[in-house]
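Below are two complexes that have chain A in common, paired first with chain B and then with chain C.
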Partner chain A sequence: MKETFLKARVGLTLGVLGIVFLPLGTFRPNRVVRGIPLDGEALLEGRILLALAATGLVTAAVIYALREREGKLFLLNGVPWMLSFVPGLLMLILSSARPVGGNFDLEVARMSLSSGYWLVFAGILMLQSGAPRGGVLMSLTVLISLAVLGFGLAPHLALYKEFMNIEVAFYAELRRHLTLSLASVVVALLPGILLGYICHRHQRLREWILGTVNLFQVAPTLSLLGLIMIPLTFLSRNIPLVAELGIRGVGFAPAFIILTLYCLLPITANAFSGFDQVETAVVDSALAMGMTRRQIFRQVLFPLALPVIFSGIRTAVTQNVGNTILAGLIGGGGMGALIFLGLSQSATDLVILGTIPVVLMALILDAVFKLVEERMTQRAGVTHDTLDAGI
Partner chain B sequence: MLDSEGSIFGKMIIQILNANGIETVDKVNFGTPDILRKALENGEVDLVLDYTGSGQYYHPEDATDTSIWNDPQTGYDLTAKLDKEKMNLLWLTPASANNTEMIAIKREFAEENGIVTMEDLAGYINAGKPFKLICSAGFAENTMGLLGYEEAYNFKLRDDQLIILSSGNTAEMLKALSEGTNEVNASLVYGTDGALDKMNLIVVEDPAQVPPVYLPAPVLRGEVAEVYPQIEGLLKPVFESMDLETLQKLNAQVAYDGKDAAAVADAYLKENGFLK
Partner chain C sequence: MIRLTQVFKAYGAQEALKGVDLEVPEGECAVLIGPSGCGKSTLLKTINRMVGIDSGRIEVNEQDIAGYQPELLRRQIGYCIQGVGLFPHFTVQDNIAVVPRLLKWPESQIEVRVKALMEMSGLPDAYRFKKPKELSGGEAQRVGVCRALAADPPVLLMDEPFGAVDPLTRERLQLAFMEIQRALKKTVVFVTHDVEEAILLADRVVVMNQGQILDAGAPGKFAGEVEEPFVKSFLGSEYPLKLLRRYSAKDIGLALLPAWRGAMPESGRRLLRMDSSLKEILSEMMRHGLQEVPVEVEVDRYVRVSYEDLAGHLKEVSKL
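After this line comes the complex of A and B, so read on.
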């Protein structure tokens, strides 16, 4: 089966499962109590037009997903585009929905998005990813939902309420999260690539270096954070210069150091295999032409290895965006601060609010780096497969 | 602090200081209590909210007589004295609300089984009826916590009657209690928690006064106090106004109604004439 149809069918199944079997939203009289779940049926009750539209769209989606070959029918090809609006519209509907009976203080009561909603969201993205212009479609879906939230069109959603409470902190933490995760990669670049080069040149050191950077990777981040606080506290108390630089046992410094160490493995390992995949014949002929070691590194080895090195940097960046969450535990800030705040108050919506930007950041950065990587591969004339590279 | 109380006090302190021309950097929600204490000792932050009973953990070598911590005044005095001498940290005037560790049960459960005090509860447990307590590791292993209760009221919980969480945050525990998750029917709770009324829970009375007294108080670095000696006087009336009931109400507004801590703090300060 063609991939488009397979993805469409999986997506459709997810979406239908979400609508039929799971609650789309949960109405909570206050922030913490277990709420009243609302499924698709409850939402459509008494809204004939909406029910008709929903049935029409689902039917269209079913036909779209179950057809055997790509049709020319404009309406059918429009289905993935129409679905882009569904998550945003659902937010609007959920925001205005109330359970029947009961008097609620609307300033306090809120609507949480539940498992069914997220499943529908995932299903739509899955269906769209198989369609032509999948990337544009998926971005559109996400952007519309963000716009509904951001412009305050769904004021009773718990996500929106939590966002309003922490709006100022939200942007500050977002900036800090980005700074922390990107700056630590930048700092790890030079040592990482150098270590990779040493691995390539000296076989004996290789195991030691790769073993060491591996060690940082496998040690639990959390315990590393706890461990590094001890020497940093000692240094900042006993050496005035260290304290003046703003390096203390808690906060930005320990988070930054740990994240940098974490980036070393993907960068070093990729740099090593990048240098190693360059054919020895190429290096030998460069030597034969009378190039010095330095020239060879700058003009032959490095440019040829660059695409592979870059893919290591991409791994480091995406992995770092997720790891930076832990900085929130030791006062380093970032989205982790919001997530742990939510966890400690058992406010699930605040946790989700902190998680969404992290996921988006990781996806966006990954996409951007992938694009640059492709360009670079084309320019260098190498692919990851040395056979195809024609060297 | 990461709880609603920490946010409310933190925002209040910032608003009061700003209104009186002292510049502040907002690091409310910086981290858990142990991280906060480290940050204060390292000079990463200048002022934190802490609880008088915590002194027993900061200076364990001087806290051997546990009865000190059962009295609000002596506990405060000892902690303040030790921190001043050893760390140059100043404990300012505390609030009168005791945020101590207690045991909460559902109102229905209490009425059905006629439980009012810990003695009643011990009788219920010793009769072999179903009982399951959810609490933090710190409480379960502390002689001024669960171990103290067991000794004072003469009962003993089996391992399978306990669910122990590593963190001391009660939001999750009270949720489990109110929803009856895993047959939990008792939970650790803090005195100033705003949840009790909303979730139909009551606190079991403790005539023997087992746990230490925890009064919330601002703790200021000595060096900063020299530059801004007025801070102590500015915060004093605010903290003195915070009794148990007030604090429970404010906590409920943030933790359960989901209101913004800064807005709740601002409204309280204005209503009571601390801010114009």
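After this line comes the complex of A and C, so read on.
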């Protein structure tokens, strides 16, 4: 079966499961009490027009997903586009929905998005990923949902209420998160590339270096955090200068150090294989023409290895964005601070509020770096240069 | 000129060069030939200090190379290897300009030089801005030769430069190189394992085995009796036949030959001229079962070349 149809059918299954069997939202009279789950049926009760529209859209989606051949029917091909609005619309509907018979204080009452909602969201993304221009469609879906949240169009959603509670802190932690994950990569760049070069030049040191950086990578990040707290605490207690610099066993410093060590592996390993994949004949003839080692590195090895090195940097950045969450555990800040706060208070919405930006950051940075990487590969002449610069 | 005196080199227990003496006079092309692993490439690389030697002395133009900083020495020695090793991210022009730029030539002079070299090696001017990926194997190899010649070095080292291209292209490259060498008269050390290539390009053939030079001399020398058993078997029993390709009709003193008296060559038959190789002439005799064939010396004037003339020429060069 063609991938488009397969993805559409899987997506449809997920969505239908979410609507039929799981609650879309959970209404909580206040932040702490157990909520009342609301499923699709409860939402549509008494809203005839909405029910009709929903039935129509689901039917269209079923026909879209179950057809055997690609049709030219405009309406059917528009289904993935129409579905882009669904998660956002659901937010609007859920925000205004209330369980029947109850008197709630709307200042503190809130609607959490539940498993069914997220399943529908995932199903739609899956269906769209198989459609033509899937990337655009998926981005559109996410952007619409974000807009609904960000512009306060769904004020009674728990996600929004949590956001309003911590708005200032949210942006501060977001900045902190980005700083931690990007700055640690920047700091690891020079040693990483240098180590990669040493691996390339000295076969004996290679195993030692790669083994060591690999150790940082495979050791559980959490245990590394624990390990580094001990020497840092010792240092800050015994050497006044260290304490004055604000370095302690907890906080920014240990998180930063661990993240830096952690992204050494992708950078070092990629730098090494980047240098190593440069043809021996090329390096030999550079040497034979009288280039010094430094000139060879700058003019030949580095530019030719750059695309591979860059893809290592991309790996480091994306994995670091995720790992930075752990900084929250030791007072290093970042979105992890929100997530772990949410976990300790059993406030699922706060956890989600902390997670969504991390996922988005990772995806966006990955896409941007990939784009730059492609450009670089072309310029390095590694792929065939279609640009004929001849006169 | 290049002079090696008692050069030794070992890699651990493996002796790569066991006391090599070699002298290449100015403007001559010495071709090192031997089976793989015989040390010919190692020997070549000692001359620009890509390989350091354990003992012995190497002089280039009367200067001991040990006294040079390796980078400065290498910029004065052209180098050309199999697989070319062009920089894939540089244009053809920038590839050729590497050594002149290292020597800090002014850009205007570099451009003039690049254009001249490309014209000499038969590369169209528009190729200057192409990347190596866009060139054929033969074109890339030509660029490699241009690059080696760029800074006009007196000495040229070539390590199986035409090894990786198809036979037809190789022959064209060899002829182009011969022409360039005739014009520029560089002192060349050329490594190959192809006997025919050695015969064609060498002023002096140097046969190596197991880190030693077994015999050296003009290509003709090996057409006669060869004593050394390895040299004899390596050059092969067809050596005289291969040697015929090196010479053309004009080398055998056509002026002294009698005019052709028999019937004129039938139409459609290959016309042999002054620049036909002796190998072609012999082939023509065999093709038609003849002892003698006509060779055109000028328009409508033919001389008679016989089998004895060919054999006599080989005998003569083998005595040189």
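Just so we're on the same page, the second predicted complex is superposed on the first by the 382 of 391 C-alpha atoms of A that agree within 3 Å, B and C clash if a C-alpha of one lies under 4 Å from a C-alpha of the other, contacts with A are read in each partner's own complex, and residues count from 1 in each chain.
We take it that a residue touches a chain if its C-beta (ideal position, glycine included) is under 8 Å from a C-beta of that chain, and two chains touch if they have at least 3 such contacts.
Only a predicted model underlies this, so the values are computations on that prediction, with no experimental measurement involved.
Within the superposed three-chain model, A:Ala327 lies out of touch with both chain B and chain C [touch as defined at top].
Using the contact criterion defined above for the overlaid structures, shared-chain residue A:Arg248 touches chain B, although it does not reach chain C. Looking at the shared chain after the overlay, A:Thr292 reaches chain C, while chain B stays out of its contact range. In the superposition on chain A, A:Ile258 makes contact with neither chain B nor chain C. Of the two partner chains placed around the shared chain by superposition, chain C is the only one that A:Val300 touches, whereas chain B remains out of contact. Once the two structures are overlaid, the count of chain A residues touched is higher for B than for its counterpart among chain B and chain C.
In the superposition on chain A, A:Ala131 makes contact with neither chain B nor chain C.
Taken together, the two structures place no residue of chain A in contact with chain B in one case and with chain C in the other. Within the complex formed with chain B, the chain A residues making contact are 30-34, 105, 107-108, 110, 158, 161-162, 164-166, 169, 229, 233, 236-237, 243, 248-251, 328-331, 337, 340-341, 344-347.
On the chain C side of its complex with chain A, the touching residues are 48, 50, 70-76, 79, 81-89, 91, 98-99, 102, 125-127, 129-134, 147, 157. Residues 2-4, 27, 29-32, 35-36, 38-39, 42-44, 167, 169, 171-172, 175, 178-179, 195, 198-199, 255-261 of chain B are the ones touching chain A in the complex. By the touch rule above, chain A contacts chain C in their complex via residues 279, 281-292, 295, 299-300, 303-304, 379-382, 384-385, 388-391.
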